[in-house]
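Several structures are given next for inspection.
Each of the two complexes below includes chain A, the first together with chain B, the second together with chain C.
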Partner chain A sequence: MALTRRRYWAMAVGSVILRLLFICFSEDLNLGFRPEVATPVTSLRRLAEGYWLKNSSMSPYSGSMYHGSPLLLPVLGPLTVNRVKGLPAHLFCSLIFVIVDFVTAMLIRATGQKLMSTYHRSLQLLNLSCVQETAGYTHVGDLASLIFLWNPFTIITCAGSSTSPIDNLMIVLSIYGACSGLSSLAAFGWVVSTHLSLYPAILVIPVILLLGYGPDAPPSKLFLLKKSNESGGSCPKDKTCSEQKSKEETHIRNFCWRPVLFFIMWSLIWSSYILFLSFISLKEFGGLSEMVKKTHGFILNVEDLSPNIGVFWYFFAEVFEFFRSFFLIVFHINILFMLVPLVIRLRHRPCFLAFVYIAIMSMLKSYPSVGDSALYLGLLGLFANELAEMRFSFFLLCGYVGISLLSPVMHNLWIWRGTGNANFYFATGIAYASLQTVLIVESVSTILKHDRMLRNKLAT
Partner chain B sequence: MASTVAARAPATIHTSFLLLLVILLSCDLFDRIIASSGEAREEEFTEELLLKPLPDKKILAHFHFQSTVPPSDSIGHHHHLFPKAIAQLVKKFHIRELELSFTQGRWNYESWGGSDPMSNINAKPPGVEMWAVFDLPVNDIDESWKGLTHALSGIFCSSLNFLESSTAYSAPHWGLRTNSSSMRYGALPREAVCTENLTPWLKLLPCRDKAGLASLLDRPSIYKGYYHSQRLQLFSSAASGIILDQTLTVVLQPNVQRNGMPNSYDRFLQPNWSIMSMFKKKVTGQCALARASSIFIELEDGLATELEKLGAGESWNNLAFDLSVAPDRVIKEHNSVEGKSSSILYEFKVVKYSKYEPLDVGIKWKLPLLWSCPEAPFHARRFLMGSGNERGSIAISLQPTQSCDQFLSDSHKCTVRAVIFQVAPWYVKVYYHTLQIFIDGRSVPVADVVEKISVSPSEDKVSPGSLQMMLRFPCDMNSAALAMDFDKGFLHIDEYPPDANQGFDIPSAVVSFPDFYSSRSYLEDNCLKQSPLLLKLQKRTALQSYTEVLLVPLTTPDFSMPYNVITFTCTVLALYFGSLLNALRRRIGEEEQLLKSKDSKRVGLIPRLLSKLKGRTLESHQSSSGSSASSKPRPKWLFKVIFVALIAVLWHYYSNID
Partner chain C sequence: MPAEKDEAKEPRARPRLIVLIASFLVSHSTLFSVVCCIAGLIALLLLPVLAKSTYISENALMPGSANPVFSGQDVSEASRLVKDITETQKMGKMTGIEIQRLIIQRMADVGAEVYHHKFHSQSNQFHPFRFFSCDSNSAVTESNSNTSYGLNTVGIIRAPRGDGKEAIVLVTPYNSEYVKLNDALSLGLGFSIFSHLGRVSWLAKDILWLAADSRYGEYSSVSAWLKDYHNPVFFSSENVDANVTHDKDFLNMQNKNMLNGRNVDVFKRAGTMAAALVFKVGEVMERDPRDILTIYAEASNGQMPNLDLINVVHYLAVHRQGFRVNIGKLASLVNSAWLNLVGQILEWLGKLAKNLNPKWNFGISSADYAEGAATVASSMYHQALGVPTGSHGAFRDYQVDAITFSFSPRFYLNNENMQSSFILRGGRLIEGVIRSVNNLLEKFHQSFFLYMMTAPNKFVSVGVYMIGFALLALPLPVVAASLFLNHKATGFTGTEEAKIAFGSWKWLYAAKTVLMIDLWAMFASLMPYFISQIPNITSTESTFLWVALSVTILAVLYVILGSPPYSHSGNVEWQTLKAVMIASVTIGLGLMSIINFATAQIGALLIVPMCLVVRPLKKHIQGALILRALSLVCNLVMVVIGFPPAALLLMKGFSKGFEGVGIGAVWEVAEFLWAWNSATYLYVFLVHLPCWVLCIHILLHP
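Then we have the complex of A and B:
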């Protein structure tokens, strides 16, 4: 299973070449218009309109077109205007997105290596390294980054014009920074991703846990159990035993506040910096309140009812007006409700917690796209060892394939041919949401089972 | 006692009546003194009708009624002729100018003309178009506009109140003929226009449709026409008072009455018509309150040229046609351009005719004549491109017509300017950065052609998007087109109109040409100043034309589904919440122990069945013993049922009594 280094790089480069091929034909593929790829928040066409409006000295947010960050405008805006004759319109942007995707994959790889080494060490401490050896060991970093790079969702998001690769990069950046203890990097990723798409704000919990406790490890109870086993059992060689004891005591992880405090400080610095930059760029056009209203307010209010792969658009197109605010609150609180129970059960695995949060986020987002799914499916690879015994994995795979084939068909029937009905397309959205539910629930219960298995191993 | 009271009572009545008379007389005198001391102007009313044969064998009939009121400061002033409703409207909403048109059918610019003053002023887009300029500070205008739309919708029995919502109107600054920052413009392209709008419009006339020219408005005949536009124009200023122009423009097809077999010669002959044949009525005198009342027959320059070729001259019965009545006056257009013949007007004074001697003017053609109308220099049309319900693009094309050279011949400028004003509702989300301009089929950079552009993008559910653009084209181009992409919005289920699958209308765009003017010039004559209609025709106005109304189909959700969607979505969310919470809450170790303990207590299948059977027999025993007990409460039940039934019967009885 282990990939040789050469093969890994070949595959990574291959995926980049595939992306470039897709970009060459992106004009014919029209991926930028697909509701699966570009949402009102991430669409590059809308960004171009916002840039045009800003250049004609109007607020980029006038006209309910652009809902992204004002900081993306000076970065990507000029690239949408520059055109080379005979080449696709958004060529330069797409090239940037290829680079962004590649960097994201490398960060996932680095995160995976870090996770693997710490996990390996903690298993050795528990004398459970046999678990890894018998199960057949995978280099999760390589696997996850390759899954991310070769995922068709990532490829079409990259080739279609959408800014979600940048969101994904920022999320991965904050996780990587937290894994390797770089508070400033983690804070930067967290602040920027929150600024871009609001939902990553909930990642503050796993990031703080990562900084406080370090990367994933078996439950701390196991270390205590091991200790009690050893102290209760006979200890033939007193010297080594006491050495081990001291080592374990240091390993029973205490929450260290230093990096967390640094993280908080850095996030304050970064967020004030970003707000300052946004303020400068929007000085003449209503300032920050306008920005918050048109970006985060737009995300929370679900104002745009154009179809996407989620379920909220149809719900809010159909629901009675006087229930609207109630359901808006219910749906958004649904994300927040699960935060605490998940932290309680999974606090020893903050990285996995981040994965679950990202999956929940992309399922309950108001404007979801496949780019969000691409991220959590890539991160899923990081836990390949623990999730090896996951149930329904074949069913999930078939479900993802089936829905990604059916959903465009239903969309075409409804919108373009007029023979279908909104309900057919909505049905695929419902099925997709259920599928993600199954994935989340199964992965969580498999991890819990894995912990239990470790405990049983330790007990016997 | 009683008799004295009775005697005194008529006396008091008599004196009070006298007093009233004196007061009234003095008031009248006072009024007259004021009027004579100031300008000697009074409220006036004039009525005019212009008839004009069109090249495609149709007849244009244009009714023009003007009421004026001199400036007066007193509020609640009693008006003699002027409609009080309009005067109050002007006072209340501080209107400086207002134009409201109800139109059915589309003006055919190719065959009915586009550059003569008649079509230039009177061609209107289908449905309702309304604009108003207010004499108010900028912040109060919207409020005033809302009030005005409501008031007008009440007056004209129409759905003008839909223009109240901020998604329906816009504030153009320079895209239209009237340039003002305090202007509001709104259009309802789908408004149906019928007699219920005409009746209140006629009510504003002093004679209504009982006498005068308005009595010609026979409903079946005027609504049978190809084009029908009913208009109301208001000008108000402190210096001139209020001027109310009411016009009705109809294009009718006269009934062809031919004797004998139709032959090829007949086919080219213009149809003979008279007022009687078109309106089923004759003119039986003017409205008694009108200052002037006249009927004009206009022969436009194309036709006049043809007549000149035949050597027919301007007489009213020549070898080409006969007028059934001798005109009172022939007015010839004064044309400055050499070698171009000018239009002829025949005037008939209605005052000479009465009920016993009605006026029935008409034309009888003797020779077939073919002519073409004066076309606008550019033919503007607008269309949609693309398919499907997700996105599309709007294109406006400008095609120079043959008459363009005539316009350009006198001025050797190398460029032509065109101003486009377009309003799109918010659910047509236009990407203004995708504006592309093609000249002669080749794409040109936008900056080369666009001289001035101002965009106010649409705000979702708040305001429509409006585009004002001044373009400068080279004069020798063969075609120009501009295209913009748009996304179609998705509406909430309640925002769809009743027939949602029909689609949504985008109001007409206005294309005007500030370089080209249209006006008629008649030789100065005192009589001409008396006629508001001719004064209107003499006014120099920039050419303007309206494009087609666009029909945009929008995707519809399933209107019958709200409950299903709510339940399905909530089920999925509940599934997520419940199963994830279950997975987190579960303690597998404890469950295993529980299972083990259960296993130890496990009982075989047969003993369990036996015990069940026993239990059932026991239960049946108990129920049989209980049946004797349950026989007791039965009367109680019966009593309750009867009680309820009684109440129901009583209630029913009493409710029926009322």
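Then we have the complex of A and C:
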């Protein structure tokens, strides 16, 4: 399975070239107008509008057009204005997104290498490295980054002038930082991604676990089991030896507070810095309260009910105004309900926990797009070794392909031909959500099965 | 291993019902697929029996509730215009726009707002990216060097009781280069209705009359006008100058184009269109007791107008004006022996059922059956082709319900009396239809959009005709699942541990092959765009060039992405490949059934048996010799029929004789399909062709 280095780079560069090709034809493909690609929060067209409003000294949030961060305006805004004749309008922004995608892929690769080495070490400690050898040895970092780069969703998002590549980069940055123990980087990624799209706030749990415990390892029970096996069975007399070993093992799984405290401190620093910058840029237009109302408030209130691939718009278009706030709470608390049980069950695998959280997030978001799916599908590759025996993999692939082709057709039937209606399009949204559910359930159960298999191996 | 034992114990406790059913189906997949396919075929043949009578669903339409007041006076207006047109024609001073000037003068006399609409004739180009987008910005980019243009004449009557937000469109296509008598008559009919409507007091929707100059085809003139109607173009001054200096003819015209002190080149609009009626006087149909009204409804990609519109026209034509309504049918099928045989069997069955229980009344006479089947076949053929059957197709692209109807009188209309009685009845019919549509409060939405006609007053709705397709397509996922599971089971038993680990991801290699073939198909489908750029090339040469290039690309892809899967054996099992192929075909057929049902239905008839039957030639199935021979013959026949060009040539050969059929026909048909942006082209190249190539792969598997 191992890719040669040359082949890997050839494929990575190939994906970049494919992106450039897509960008050349982006005018014809009209991707920026597709509801699957650009949401009200991430649309670059809206960002350009916001930039224009701000330049004519109005609040960028006036007219309910722009709902992103005020900090993106000075970064991407000037690029939306620069145009080259004969080339697509948002050429420079799209080029930036290509670079961002590439960097994200490299970070995923580095994360994968970190995960591999720690997992390898912990299996060696358990004398279970045979598991890895028989199972075939996959370079998960390479695999995951290639999946991310070649995923059609990522490519479409990149060419489709939406800012979600930047959100994805920030999320990956925080996971990478946490994996390699860099508290400041993790804090930066977490703070910025929360600032951009709010939902990554829940990633604070896996990030803290990552910093505290280190990257994914088999459950801590196994280490205890191993210890008791050894102390009870093989060398009861050699006390010094076993003591030394137990010390080593407990050292591995102990929660160390130092990086976590650093993380909290850095988070405070970064968030105050970002709030300060936002305050400066919005000084004349209502300040921070306006920003919170128009970005995070917009996400939580589900004000824009234009159709997208999620499940919120249909419901809130139908619901009576009277019940609206109640159902808003119900829908949003859905995500929070799942956090605790998952943490309890998966605390020894914080990286996988982050993947599950991201998948849940992109399923239950108020304005989801395929860019969110692109991220978790890429991260899925990081656990290729553990998920080798995942069931329904073929069914899931067919489902994803089918839905992503069906959804535009249904949209066309509803909006352009007029022979379908909203139910047709929403049906694909429901099917998409169920597919994601199947993916999450299957991957979690496969991981748990994998842990059980390790325990059984250890017991025999 | 204990872990596996645990797993085995847990689900065996009590499997759910749905799991039981699924596993039963999967284990009997062969029987199931045979039964389903036969049932699907029967359901398809039963369509004429299952057809329901049409009814008018929208109450607001109230067809025929008011007496038509279209009178002899209006008819004389029509006759006058017809006479003037023929005289202008005879005088022979044709500068090209005489007829238009005549019409516009008359319309202005009625008191309508009038204007000329100039449009360029544009040959249909192949735009690879424009299959489904309703492009709004393409109008601007037209910088045609082509100076040939047509001139539509448009008149608008503002409704006395309307708010100007809705409109009804009347279209009369005519060839302005040489106006024949029936063109003149349809112009006369259109004008008489227009002038009549200018006087009535009940109009709530504006009336637009488009006299469409169809010298470059009926469709292009109407679609050009619709495009300009819906996409306002803001010309910069230089742009207009360039246009004007380009043709002096136009410059001359502009000087003259002031009518009663108003400029008649300004594009004017009414509201959104509620409905559009395209009507024309067709050829004489002798030997028929009644005048015939032929209705054409199929728009691009199998879209149909709302059934209510057809119903209103049919109701008024048959029950008020005494026309005989006709819709297209495949004439060759009506008399075909096997169809009549099926009809007789069904008739017999119907009688039998009636004997058993007098309440079961689904009998249909064999003649009716053959008639209905021929009509359904024609309906399905035109929908599957994806090419509109008339200029009404242009309206459907803007969500406007429109139909074309052509009047075929039973006598030659040289006689004045005949002419006037014919125009009177035609005028009353159209007046009645407009009056009904005028009553509408919303768009047409009440009745069906997805249906097929089996007779002018009978239809099959989507809920019924989907059954046949669903039954045909149902075996696909089941067979895919059974192949997949069987293969996995064998993979787990006899191999070493290393294989187990990635067992559930084994299909990745097969998926890679399928993906590669799909990629190739995409290139092959884009190829005609480049070939069509080559000047002076015959269709036969183009076909050969296309085939050669496609094969080259396939070879290149093999080299880049890995050689054929069977070269290093054991990498891809043919069962897995077949399972993945069937899954991809299922997705493709499912998608196509939503985009254009008729294509999917016809495609499924060809592709489903091919997918189910195919197996490697070298792997014999166990069993009697006859079974083996049957499987071999089936495979070969399916593969020949399943190849799209072969199927096309065979069909042409059977319908028109094999002498005139050349390879070039393939190119011509492909060109025809892409020129009309037909989704059938996409289906053939992105679903059918890759499936065929994969079948060949499986056949040649060692």
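Criterion: the second predicted complex is superposed on the first by the 444 of 460 C-alpha atoms of A that agree within 3 Å, B and C clash if a C-alpha of one lies under 4 Å from a C-alpha of the other, contacts with A are read in each partner's own complex, and residues count from 1 in each chain.
Keep this in mind: a residue touches a chain if its C-beta (ideal position, glycine included) is under 8 Å from a C-beta of that chain, and two chains touch if they have at least 3 such contacts.
Predicted model, so just to flag it, every value in this text is computed and none were measured.
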item	value
Partner chain in contact with A:337 - chain B first, chain C second, else both or neither	first
Partner chain(s) touched by A:419 [first = chain B, second = chain C, both, neither]	second
Partner chain in contact with A:393 - chain B first, chain C second, else both or neither	second
Which of chain B and chain C A:14 touches, first, second, both or neither	neither
Partner chain(s) touched by A:410 [first = chain B, second = chain C, both, neither]	second
First, second, both or neither for A:78, with chain B first and chain C second	neither
Which of chain B and chain C A:30 touches, first, second, both or neither	second
Partner chain in contact with A:402 - chain B first, chain C second, else both or neither	second
Contact breadth on chain A, by residue count: chain C or chain B	B
Partner chain in contact with A:152 - chain B first, chain C second, else both or neither	neither
Intersection of chain A interface sets (partners chain B, chain C)	416, 418, 449, 452
Chain A contact footprint on chain B (complex, rising order)	387-391, 426, 429, 431-433, 453, 455-461, 465, 487, 489-494, 555-558, 561-562, 565-566, 568-569, 572-573, 575-577, 579-581, 583-586, 588-589
Of chain A, residues touching chain B in the complex	33, 45, 48-49, 51-53, 56, 58, 62-65, 303-307, 311-321, 330-331, 334, 337-338, 341-342, 344-345, 363-364, 414-416, 418, 421-423, 426, 430, 433-434, 437, 440-441, 444-445, 448-449, 452
Interface residues, chain A side, partner chain C - complex	25, 28-30, 134-136, 388-391, 393-394, 397-398, 401-402, 405-406, 408-410, 412-413, 416-419, 449, 452-453, 456, 460
Complex interface listing, chain C residues touching chain A	1-3, 6-7, 129-130, 132-134, 303, 399, 443, 449-450, 484, 497-498, 501-505, 507, 511, 579-580, 583-584, 586-587, 590-591, 594-595
